[in-house]
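Every chain is named by a letter (A, B, C, D, E, F and G) in the order it is written, and numbering of its residues begins at 1.
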Amino acid sequence: MMLADILTIILLLGGAFFFLAGTIGLLRFPDVYTRLHALTKADNVGLGLIVTGLAIQAQSWAAAGKLILIWLLVLLAGAGVSYLIANGALARGVAFWKR
Amino acid sequence: MEAVGLWQSAFDLMLGFSLFGLAWRMLFCADLFKSIVLFITFGLLMAIAWVRLEAPDVALAEATIGAGLTGALLMSAFAKLRTLDNSLKSGQPLLPRPRLHVINFWIALLFTVLLTGGLAYAVLSLPSHSPGLSDAVMSQLDSSGVTHPVTAVLLNFRGYDTLLEMAVLLLSIQSVWSMAGMSDAGEVHTSPVLNVLIQLLSPVLILVSAYLLWVGAHAPGGAFQAGSILGAAGVLLVLSGRPLFNLKKSWLIRLMLVAGPAAFIALATLTLINEGQLLKYPVANAANYILLLETLATVSIGTTLLALFVGSQTEAVQQDQSHQ
Amino acid sequence: MQNLYIILALFLLLNLLAGMWRILKGPAAADRMLASQLFGTTAVAILLLLAQIESLMALRDVALVFALLAAITAIAFVRRNWPQEPDDAG
Amino acid sequence: MGAQLIQVDWAVVLIMLPLSAAMLGFLLPGMARNIGLLAALLILFTVVGLGWQLTQTGVYSHVAGGWLAPLGIQLHADGFSLLMLATSAIVGVAVSIYSTGYFKAADDQRFWPTWLLLWAALNALFLAADVFNLYVTLELLGLSAVTLASLTGSKDSVSAAMRYLLSTLLGSLAFLLGIGLLYHQYGSVDIAILSERVNDSTVSWAALGLITAGLALKTALFPFHFWLPPAHASAPAPVSALLSALVVKASFYILLRLWLGLFDFQQDSTVANMLGILGATAVLWGSIQALRQIRLKMLVAYSTVAQIGYLFLAFPLAQTGGNRVWYAVAYLMLSHALAKAAMFLVAGNMMLFGGHDRIVNLDRVVQRLPVTVAAFGLAGVSIMGLPPSGGFIAKWLLLEAALAQGHWGIAGIMMLGGILAAAYVFKVLGYAFIPSPVPHQAVSVPARMQWMALLLATLAIMAGFVAQPLMQLIGIGALFDSTGSMP
Amino acid sequence: MSMLFFYALIGVGLFTLGLLALVVQPHLLQKILALNVMGSGVFLLLVALGGRSQPVVDVVPQAMVITGIVVAVSATAMALTLMLNLSRSSPGAQLPEDQSADS
Amino acid sequence: MIAYLPPVLLILTVIWPLLLAIPLLNRYIQNAPMLALLPAVCLALYPGVIDYNVEWILLGSGIELNGNNRWILLVSVMIWASSALIDKSHGEGFTHSSNSSFYFLAMGGQLAAILSTDLIGFFSAASLMGYAFYGFLNSSIEQQYRRYWNLYLVFLVVADLALFEAMIMAVSATEITRFNVLRWIISDTQNAQIYVWMTVTGFALKAGIWPAHRWIIAAYTGTPLSVKILLFGVPLMTALFGLLKWLPNWDNSLSIPGSVIMLWGLMTAIYALIKLLQNRQRVLIPLWLIFLVSGVFLSVIGAGFVVTQDWSDYKSYFFISLSLGGFSITALIIYLTIGQNQQHLSAPFSSAGQTEDTTQAQQRENKVLTLLSANYLVTRLQYLQVAAFQLVDVTRQRAVNQLNKIMDEPGWTVAITFFMLFILIIVSLSL
Amino acid sequence: MIWNNWIPLLVVLSSLLPGLVIFTLSEKQWRVRTFLNIFGAVAKLGLVGWMLWGVYHEQHFETRLALLPDLDLVLRAGPLALFFVSLSTLLWLVTTVYAIGYLEHSPHRSRFFGFFSLCVTATVGVALAGNLITFLLFYELLTLSTYPLIVHRGTEEARKAGQSYLTYTILGGALLLFGTVWLYSLVGTLEFTPRGFLSQVDAQHHPTLIIIFVLLIGGLGVKAALIPFNGWLPKAMVAPAPVSALLHAVAVVKAGAFGIIRVVYDVFGIDFAASLGVTAPLAWLAAATIIYGSLRALFQDDLKRRLAYSTISQVSYIALGVAIAGPLASIGGVVHLVHQGVMKITLFFCAGNLAETLGVHKISEMNGVGRRMPWTMAAFTIGAFGMIGAPPVAGFISKWYIGLGALEVDQGWVLLVLAGSSLLNAAYFLPILHAAWFRKPPEKWPHEHDFGRHETSLALLIPPLITASLALLAGVLAMLPFSPLEWAKLISVREFYTP
């Protein structure tokens, strides 16, 4: 087993963890805004870690670049969409969660 | 590798059952919006399933059309439906109870179960190995002008089907236009973040579209996928409020819509005259012909999907905005 | 290695299915939309893993397309289809 | 010259011509009407060419793309295809000319391209020799038919079109599933190859069920007819004519072709008998419903349901009745297409003239639209199966087969159906003679609309006189003659 | 590859499930979704069984499915347009026969 | 050329009156009745027998002039002529009335009947004559008698039916319709009895033999002289003539029908005698004489069935006697009537439409009975007899009244009743 | 003579083509229309004359067109066919003249005469049909082309009458079709053959043949108005008088009766039919119809309805004559086809004249019409006496032969029927005549129409006079060569005595 493989394993497992966290957040957090928060963790970090882990395994730089591109695109979309949803929720007066 | 097979099987089983469960929840829930979201999810899982079935082309098509564009279409349609239907005005749309009698439901269910059983039996009776046409495809691939078999089938071996397919697309836009009163106005209100998003995404989409078109000759991708991405780009533009040109009146748009099928027909006629057979490309020029066809088809497909999206629900947008 | 990929893919799939509960439960449309968004990302991850498993790099294109189009339905939702939230939200 | 003409691929032209015309019409909406008319005439001419070609050379087939059957797609034209193509061409031309009077210029761009696409789909369907290709043409056909059916935009027409769309999609999907199963069992989608390979297996039976059910749904066989009357009745008159005359026939055409080509493995007559029973029920139910209608177009639409029932009566008969029965069916398809198209055109005229189509208030329309009423009468003759009409020839052959085989039930149903048909046709004619308490608004109807209806009706009658040459023409390719010699 | 048959069976299940929904669900949007699910089922079956060809997957069904998907999206667009037209003229996107007395 | 003359004459005798029946002709031709008779007169005076078969008329009829019918023809001509003369001299002018066509039709019919050589020809001509005569008389008869006269129509129909049956019986058995051949063959058949019954019934009805005589009384009393004299000359004499012609010589005795017919004839004769004796008006005497003659005639014919040989021998005399009888009765009528005024003539039947008052009748019958039976026994039985006569008379009157009442309606009940009767007769006979 | 092969077709076309042209004429072009009508009728008459001459000299006239691969449309001029054709052709000419006069000022004449011509076309086709399918074809065409004539007046009553007519005739047509197809599937030919083509059929099929016979006769009996299929005929009397004439004398009921003759003679063959035992029930049915029709006629006050019931009665003579199954009775039945036609058309013409000239529709209104319209009533009288069966009018001849034929085969009961019918005929005709000739005319006629010099318009007057003369001549000159009776004998001889 090579170093790259070990790295990949760690990164992938980390990504998986963040995805799990995101999911748990989605399920457990009480309102839209907080769930949004959980979601972005999964998007950004979870996918990021997985992409990185896989990029290490990639045969070529181009392939790795494509992987990174995918991540970037997801980041972009996630950010935009999160903003839009939060903004829309505010505009529609979706209530904040209060303890 | 035995373990891999086991896990893969587990994955496949999981995927399959979730597909079925999703479909069940989607079709038998009282909240239409939930159904739509579930449908989008269903599309995602379908794409994964296609991948598992070693059908990346289909996965691409599903990802763009099945999940992406159809989802957007459904969203928009549902939005408009809500403006039209008072019973759906509240966020939690209440459906009228099905008039269907309970007993009828059970009868229908019984029949469905029986049908499922019968079909399943038939499917299981199929031989576990069958070459299908793969040998034929592979043996003729060389003279098709492309190296990717799916593209070869779509644009060469069964190009006539694709020709008719283009006609279906043309028909769909003709149909939507003739059914819905067309509104030519695009959106005017925009949002800054969305603008940035669109500005970033659009060029990438177009690039990816071109990439998929190009790569289609030897790898998964091709006119349909590329065209759908192009259409998606257009949809994004529309959604972001870019004032698009007059869709219905513009001859340019019409030309773009027709370009694909027209190219097909022109080529068909040409080959008919030259080669004596419909869409029979000379081997030497096959690649060029296919690329030409694909390019024009991509333009047409993209435009068509965009026009379908716009055509079916522009009016709702206006009402929605006035609501805002 | 292959085992890991496939187990991870399965894990992510289970994750996704767990998130399904949010879609079914709601309560607001935005919640469902969020869940759907998460699924998009998850699906991209799964696809990438599968691409690795099958050594079929074309699948990355699929993932790319997913990533690109993940926004579309969400944007359509935001721009078109955000219903009035019900009073008993939450 | 003649030798060169024989080489022309008329069949291919038949597909390309309406397609190109549709695109041109789409591109140039202002000229859609003229393009369409020109195309219609050219198609008629082309069909004649194809017919001539077939008489000279027998069956015509074309290898699209140069790829032979298992891989590529073939086009195939035999006598039966020719019959359907010719029927479409005749009805198509008549309806095209008719629609120039019916549609306002503003509606042209909605009607013409769709109609031309429908025509292309029909022609492609009749020429297809490949089940998947059939699926695509079926979809093209169904979707364009739905579009046309919704053209009026009224509430009725939209809901009818919606129902129609759902039905046609469902039918297509069942068909697709069926051919999928066939493909996976036998490894081909080409009918000729499949017909060699298909044998009595579970998959064959499942495919038989799915395909038959799907096509029966699209053909609106009795329990599946629910979508037809509203859709055909609420569409614009020329469209109703096309739908009833051609579109439902197209799916039946496929059913027949597959039944003869693929599903001849089943010696058991259960399925055929079942179809026969449904057909018989359709005849009765459709006729009785037609009789009960108060609106003319609904009446005509239900009449279609009944007439479709006749087509299915052939299945049980053909088991031992052989080729004559299929010839009868082909003939019935032809004559019903002509007559029913005429009837819908007539209904359109009457609606235009009086502003409504309530039968009891037709208000002496016989005096004011004599040509139209004559068309209805003549078409009615064929629908009733009275001599001397095409419908008679068909019913004669069917009845003969039924009696020869001792199928008393079928024979009785056919007689009863004829009588009921007479009842509803003459219900209309009777009211056309008498004044109504509610006066008509009496809008003048262009002559070409009247004469087109009469033309079709007359042709339906004339079909009764040319049975022998026509049957020889249908017999090209000997599709029906697998079970016996030429009649 | 028994998994191929599993997918094929899931396809069958989707097909019949969609059929059931098409029959019993009153709302047009649901019916349209049901048709899409049915379509997916058929496609799944087609492609899955195409995998029985070894070593190279039979691509002809895939090409067919791509064609089918395009048809499906066209049909869906048309259906949605029609549905909207219908609900414009009468509230409740349902066919007349499905409308319950109270709605 | 001369060879063609007799047949032409023969045909003209029949055709010429028929042609004159066209109103356009007879209205503008002077002395049309006389003119119509001209060929007949010539024919009657033509010496020799003429037999002309016209193959293509009807079912192959023929007309002939022979020893038998020459006399009848002569008498008929004379009667027609005298009728026309009287008509002209009295200025009644029926020959120029709207009914003149009937007159000529009846004339043509009678002449044709007399000359005809076969059953069918006779039957056709006699029907023509009968209906035309009915029509002719219907317009000349006085209103109050008209409904009795209508009885004639009913009788005519029934009689024609009966004759039709008789004729068809004969022909089906023999395939021959000529009179002269018929007589030799029909006697072999089993249908002979039916034939006899039908013929006798038919002609009895046509000739007004009791009890079907009421219409003759009405016609006789209700018409002017010129018509009156036609009554015997046209329907009666033709009917009796027909009876003679139709009844062939029998090889076997038909004693049962013969006896019945004889009895019938006798009863008629007795009735006529009684009436004659009751009679107080000179002008009515011929009427009762007519009945007497016809009754006797019938009874003789009946006797002829029983004694077949005598019948064959003496039959031809009947023609002469018939013509003589006709001639003399006509002469008598003329003699008795000329100079009488009209009121006197119609006196006994004066009370409008009804027959004599009952008391009057009773008195009259008493006298008759006193005259008839001058002995003690009879006077002892007087009351009984009166009662019997009264019963008969009242019943008869009731029947007549009933019949008349029915005849005012479309008359179908009568027809059907007859029809039933008819069936009964045939059925009972064929047993 | 190659020409001979086309003459039957020409005969059919000679009314079809003018009819089709007439449809396209406008109301005003009455000259053209009249010319076409008359021209067609005369041309047809000429052609028929030629064929008569030819057939008499044993020439062969046959047009054969392929209908189905093994089934031809055959038009053949045999004696029986020509018999009916001559009747229709002659009466068509007369009726056309009459109709021109009758409808002089009414609307939609082009339509009327168009269908009129079609009707005759169909009748001629029925007559010339050389096999059962051709017969069927024209038989149905007849149904269809008559319908517009019945509803011509365009009233609700007319519509109802039309519906009733169709209900019956379509049902009848269906029965006929059923029987025909069954027969065809059984024996594989439908060609009319002298003495039938079924006698060789295997004995096991005989029960089937009986059913087929019932079906065929049932189908034909509708048009021939046998009980219980006679309901339509009186109702159809709402149509104009020429149509009634057409229905009763020239075309419709005749086609039915003619069909019965065809079926019994040329399909089954009379001997074979008798051996099947089907003729006797047919005879009973016909007899019942005769009596029933007459009885019903008695109670009608409407003149045309009375005539209609009379037709029901009279047409059954034809069936009766044929069903008695003897040569002589056949002569009577067949000849009655023509005789009844000529007599009944006269009656209807006269009824039409009364209605058109005086507005008289009911018998109770007919008092004294004889004085007002002597010629018309003279014709009527001849017709009526013909119906009663009084010699020398044609009706007598028919009854004579039927009666004779019945005795010939020991069916004495027929005589009772004949006598009863005659009596009833007398009972319903004589009161009419009595009223017309001897009752006082009323002060004013219901709706008098002045036609000037003559009692009515000449176009109305001449046709009944012609037909009345024909009725008379057919009786008086029955033995003349070419007379109806002689033709009937020819037919009968061919049926019974030709080996």
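In this text, a contact is a pair of C-beta atoms (placed from the backbone, for glycine too) under 8 Å apart; a residue touches a chain by one contact, two chains touch by 3 or more.
These numbers were taken from a predicted model, which means no experiment stands behind them.
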{"item": "Central subunit by CA centre of mass proxy", "value": "D"}
{"item": "Leader among chain pairs (count of C-beta contacts)", "value": "B-E"}
{"item": "Length of the line joining the C-alpha centres of chain F and chain G, rounded to whole Å", "value": "39"}
{"item": "Whole-Å gap between the CA centroids of chain A and chain B", "value": "27"}
{"item": "Chain B and chain E: spacing of chain centres that average the CA atoms, whole Å", "value": "13"}
{"item": "Inter-centroid spacing, chain G versus chain E (mean Cα positions, whole Å)", "value": "66"}
{"item": "Where chain B touches two or more other chains at once, by residue number", "value": "8, 52, 54, 69, 78, 119, 123, 126-127, 130-133, 137, 157-158, 161, 165, 168, 171-172, 175, 179, 194, 197, 201, 204, 313, 316"}
{"item": "Chain G, residues touching no fewer than two other chains", "value": "none"}
{"item": "Sites on chain A at which at least two other chains make contact", "value": "73, 76-77, 80, 84"}
{"item": "Chain D contact footprint on chain E (complex, rising order)", "value": "15, 19, 22, 28, 31, 35, 38-39, 42, 45-46, 49-50, 52, 60-61, 64, 67-68, 71, 74-75, 78-79, 82-83, 85-86, 89-90, 95-96"}
{"item": "Partner chain G, residues of chain F touching it in the complex", "value": "23, 55-60, 98, 120, 123-124, 127-128, 131, 135, 138-139, 146, 150, 153, 157-158, 160-161, 164-165, 168-169, 171-173, 410-412, 415-416, 418-419, 422-423, 426, 430"}
{"item": "Chain E residues within the chain B interface of the complex", "value": "1-10, 12-21, 23-27, 29-30, 33-34, 36-37, 40, 43-45, 47-54, 56-67, 69-78, 80-85, 87-88, 91-94, 98-103"}
{"item": "Residue ranges of chain C touching chain A (in the complex, touch as defined)", "value": "1, 4-5, 8, 11-12, 15-16, 18-19, 21-22, 28, 30-31, 33-35, 37-38, 40-42, 44-45, 48-49, 52, 57, 60, 63-64, 67-68, 70-71, 74-75, 78, 82, 84-85, 89-90"}
{"item": "Residues of chain D defined as touching chain B within the complex", "value": "9, 12, 16, 19-20, 22-23, 26-27, 62-67, 70-73, 75, 109-111, 113-114, 117, 120-121, 124, 132-133, 136-137, 139-140, 143-144, 146-147, 150-151, 153, 177, 181, 183-185, 187-188, 201-203, 205-207, 209-210"}
